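In structure tokens below, several structures.
Across the two complexes that follow, subunit A remains constant while its partner is subunit B and subsequently subunit C.
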Partner chain A sequence: MEIIQIVAISIIAVILAVVIRQYRPELALQISVVTGLLIFLVVIFKMASVLDALRTFTGRMNIDTVYISTIFRIVGIAYIAEFGAQVCKDAGENSIASKIELAGKVIILVLAVPILMALMELIMEIIP
Partner chain B sequence: MDVNVIFKIGAIGILVAALYLVLKNTGREELALMAALGGLVVVLMMVIQMIGELFDNVRTMFQLY
Partner chain C sequence: MEFLRNWVVNIVITMIFVTIVEIMMPSGSTRKYISLVIGLMVMFVIINPVLTLMAGDFDFGSRVYETSRSIALGDVNYRMGKLENSSREGVIKLYKNSLEQQIAKDIENKGLGKVQAEVRIEERHDAQDFGSITGIRVVITDTADRDGAGGIEKVDRIKVKVGDGTGQPGIHDESMQQEIAKYLAGTYQLPEERIEVVLP
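Our next item is the complex of A and B:
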């Protein structure tokens, strides 16, 4: 039951952060960053098994590995951008957070272009 | 899971806050500021290491290079 551990750690961290925020707001922000990192690390190691299963499955189904690795990359970029944006929002910098989200969207769009091109090629082949 | 980091940061925060108040009330404003900055730098070092670890993990897992 890792969810109990995660919730317990979060409650302790929130209490510490609220106590410290009155005196040192910047250290309270660090506490919230570290808590987010810990939870993220726990969850991401759980996700590794799912990713391996997906990878072996696509290997058996003869799907081009370029597509599946692009999808994994997009998911990773989305997680990192979300993490950075949340940290900025915690610190009250909403404008930088929205810029991080914009950058994540643009980078994902750039990564998705090869898949889009492959789809277009397929359509061009089907329609004479 | 390395929960100790949270407690470490909390302890440093409380310590720095107390030190800041004591130094400020004794009239040493510049030392109080230095104590606050030092605490911030120490905590930042720990947090930056953890963020690097997270980025490495995500990079290897999702094959981002």
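Our next item is the complex of A and C:
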């Protein structure tokens, strides 16, 4: 049961962080970052298998795969940006966190704009 | 009938897919953006049969690819331009610096103490005479004692009279200025009026 492992790791990390924060606050931040990465690593392989299943599932649809891959990519970017922003918020650096979120949004938009443009072109083409 | 079946299957699969993606989405502020793309996808799936009927063979993937490629190309071009500009600026700066050092050294070798040279060059890249010298300004900051080096006379200390603000340079200064200007004009093939010599 992975969830028990994850919760155990998290609780130990929280206790460590709370104890250490009184003496060395900078180390507490590092503990939280490492814990986050550990949980991320445990879950990411599961996530990969779920995504594979979804991919084969959507393969039965006869629409362009560009949509599916773009959505996967966007979800991945959103997760990574969120992770970075949360770490920054934990360290009390809210402004850097918001900049990370901004960067994530811009990159997502860069991925989304081509789809939007292609759809626009398509609609313009069918309108006489 | 076959196309109707395909259509319904597409919509069903899309809806299941969208639900799963919505569960997977992170809870932060990027949620809205993912929803936008998902909305586009749902829209596309629903109007897909109409599109194939009216637009025929529309290669959606290649259009998306083309637009994303043009975005990436714009990004690369912008970065290339920036890199080129910065390297060009660096080259011009280096060129100017070495010219200034050379001029300062030349005049210092004539035994005139410390010299600061400023060179103006044509910096516009598209100009025909790109890189040519357009003006030289030489500031002699400190006159040193000379022992016969060069043919320039020693400069006397200039006395400033209070109340006489025009500050006409002495005869020595003028001849030295002219000599330096002449020398620089000869060396760098520049009209003498473009050379400015400032004495302490």
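For the reader, a short list of remarks on this structure follows.
The working rule: the second predicted complex is superposed on the first by the 128 of 128 C-alpha atoms of A that agree within 3 Å, B and C clash if a C-alpha of one lies under 4 Å from a C-alpha of the other, contacts with A are read in each partner's own complex, and residues count from 1 in each chain.
The rule is short, and it goes like this: a residue touches a chain if its C-beta (ideal position, glycine included) is under 8 Å from a C-beta of that chain, and two chains touch if they have at least 3 such contacts.
These numbers were taken from a predicted model, which means no experiment stands behind them.
Contacts of A:Tyr79 after superposition: both subunit B and subunit C are touched.
Contacts of A:Glu101 after superposition: subunit C is touched, whereas subunit B is not reached.
In the superposition on chain A, contact is made by A:Leu38 with subunit B only, not with subunit C. Contacts of A:Glu121 after superposition on the shared chain: subunit C is touched, whereas subunit B is not.
Common to the subunit B and subunit C contact sets on subunit A are residues 47, 75, 77, 79.
Every residue of subunit A that touches subunit C in the complex is listed here, in rising order: 47, 50, 54, 57-58, 60-68, 70-71, 74-75, 77-79, 81-82, 85, 101, 104-105, 108-119, 121-122, 125-126.
Residues 1-3, 5-7, 9-10, 12-14, 16-17, 20-21, 36, 39-40, 43-44, 46-47, 50-51, 53-55, 57-59, 61-64 of subunit B touch subunit A in their complex.
Contact residues of subunit C toward subunit A in the complex are 6, 9-10, 13-14, 16-17, 20-21, 24-31, 33-34, 36-38, 40-41, 43-45, 48, 50-51, 54-55, 58, 60-61, 63-68, 71.
Residues of subunit A touching subunit B in their complex: 5, 9, 12-13, 16, 19-20, 23-24, 26-28, 30-31, 33-35, 37-38, 40-42, 44-45, 47-48, 51, 69, 72-73, 75-77, 79-80, 83.
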